[in-house]
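By letter and in written order, the chains are A, B, C and D; residue numbering begins at 1 in each of them.
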Amino acid sequence: MGGSGRLSPFVPKSPDFAARVRASFARQGAMAHIGAELARIEPGEVDITVTQRPEITQQHGYFHGGIVGMVADSAGGYAAFSLMPADASVLSVEYKINFIAPAEGDRLIARGRVLKPGRTLCICQVDVAVSRDGRETPCAAMLQTVMALAGRSDRPPHVASPSRTG
Amino acid sequence: MGGSGRLSPFVPKSPDFAARVRASFARQGAMAHIGAELARIEPGEVDITVTQRPEITQQHGYFHGGIVGMVADSAGGYAAFSLMPADASVLSVEYKINFIAPAEGDRLIARGRVLKPGRTLCICQVDVAVSRDGRETPCAAMLQTVMALAGRSDRPPHVASPSRTG
Amino acid sequence: MGGSGRLSPFVPKSPDFAARVRASFARQGAMAHIGAELARIEPGEVDITVTQRPEITQQHGYFHGGIVGMVADSAGGYAAFSLMPADASVLSVEYKINFIAPAEGDRLIARGRVLKPGRTLCICQVDVAVSRDGRETPCAAMLQTVMALAGRSDRPPHVASPSRTG
Amino acid sequence: MGGSGRLSPFVPKSPDFAARVRASFARQGAMAHIGAELARIEPGEVDITVTQRPEITQQHGYFHGGIVGMVADSAGGYAAFSLMPADASVLSVEYKINFIAPAEGDRLIARGRVLKPGRTLCICQVDVAVSRDGRETPCAAMLQTVMALAGRSDRPPHVASPSRTG
């Protein structure tokens, strides 16, 4: 994590934001189930990668659109979560995704970043690319609204991916 | 399938539309992987259900938001596919989903229907509900754009869920 | 207003919800500017109509897509506003609109209804039709997220259409 | 126009792309009606600005959300149009917009750019900012799907903003 060279424009409310993102991600059965990994955690920016495996691909070796959506939703949700106070949890209110090319490749990379942080709502953008023999191609774009639930860290009524927090 | 009592307003271009939907769905590894089943196929309307199981749920027994999105995307995609000519295949151009309640229950039901069929593009709406002890609660709403690819039945460059066709 | 014969499933928090919607709408310069009118106000459901005039149409007598979006956004926003407590104001967080047919006709009708009311967020659906010689054709569909701002009735920092409230 | 210093990654199919964008924009009554102007035209990138005036603002001097949506839709539509062949016209299939801050200021700037050009569909992103005393603040983000209609330059059945072409 880190080493990106680019400075995030955001100041996190919780100094251990990266540890909180990692802990929440680890509790997500579905992320483990598809082999997703946290590749980068900065304030307001989170990258998630998935390596190709048969269960999550189409017949022709593409990543399934549902996987693309799920991973992008999580990348944006955790980007928002990284800026929230320690006692908040997070839920996806909604998102819109455009599939811009077949997700054909070895590795999927969803890069989520916060466009606008807010006390209640965060607006996030997620760019998804697929890499093949080391060359990246954009394959999807997402615009997402994420909600912070204050004081809901223990038993949150989450509806979407990045659901639980420490 | 059938038995819905409600008449679909659409006339399918291919008489064996239901068989084509079933054949395409059966080839989708990802749908089988999550235990999704076709529950109803009418011209322009397809329902898909998933029964709860640990791998696809959150810790508290909710269906994961990514599963909700994936199943809804497929229900809308197949609703559109049911109206396409026999040599067409289908891809999701984009969708937007609102999560309106936690998907807490035993069974997820995504009901896709075509709002506007077109030669190239179909606009679909998908209502997703979760049932618990026989009582249904709406949990998500989707608005989706689906594209028909003419003469692409053998080796389609699909990007999203309902990707292959017979 | 009223006379629809259909019962709204919602109970408004403020008994004078219709008067509040009318008062807020009247203060919207932009709605008057395009000749928009409130055609129906029920709890959680608001219809807005616009009659064709040269400034808001395309060369061929269609309603401009921007007008369609603006009117639909307001119909959904006011549908949500009708369920809010008396001291709340309302803003559009986001919306997605699909244009499903040319808006060719004499009169545009946007029918907004609340899919899910919430203390902070309301999810709304808006169906837009155009009528021509008395026959209606659906021309757009919107899925929208609206936010209630509690205790902001005097000087609200609204961003979108249904912006001010009494 | 031009002078941006930044190189567009796209090669236009029509050498007179800028003149075609200007001619189509000039025929749009609605753009003139709200005082919108083309500020920049590069292959795949178009900026549109609007200067504040009473009819298009809220009571508190904000740009109306409907105006923000209309101008953003046009910026993305013309960005796509700039890459299309000379005999094509353009229509907005759909868009999703997030309002990220009140559009409070003297001047609205919508910057549209093509994320993915295609023969039939273009996916565009539009960033909208408002400037006040020379300082810009982002106020909205749009993700949009635009369709090219081949050989429809004379009498196009457009549904959305950037509707007619030369």
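Definition applied: contacts are C-beta pairs under 8 Å (C-beta built on N, C-alpha and C of every residue); 3 or more make two chains touch, one makes a residue touch a chain.
Bear in mind that the values here come from a model prediction, so they are computed numbers and not experimental data.
Per the definition at the top, count C-beta pairs in contact and tell me whether A-C or C-D has more.
C-D
Please indicate which chain is farthest from chain C, where distance is taken between mean Cα coordinates of the chains.
Comparing chain centres, A lies farthest from chain C.
Just how far, in Å, is the C-alpha centre of chain D from the one of chain A?
So the centre of chain A lies 29 Å away from the centre of chain D.
Averaging only over C-alpha atoms, locate the centres of chain C and chain D and give their separation in whole Å.
Roughly 24 Å separates the two chain centres.
Compute the distance, rounded to whole Å, between the mean C-alpha positions of chain A and chain C.
Between these chains, centre-to-centre, one finds 33 Å.
Two-or-more-chain contact residues of chain C, please, as numbers and ranges.
Answer for chain C, listing residues that touch two or more other chains: 93-94, 96, 98, 100-101, 123, 143, 145.
Using the touch definition from the top, list the residues of chain A that touch chain B in their complex.
27-30, 33, 54-60, 62, 64-71, 73-74, 91-103, 139-140, 155, 157-161, 163-164
Can you tell me which positions in chain B touch chain C when the two form their complex?
Checking each residue of chain B against chain C gives 96, 98, 100-101, 115-116, 123, 125, 138, 141-143, 145.
In the complex of these two chains, what residues of chain A are touching chain C?
Those in contact with chain C are residues 93-94, 96, 120-121, 123, 143, 145, 147.
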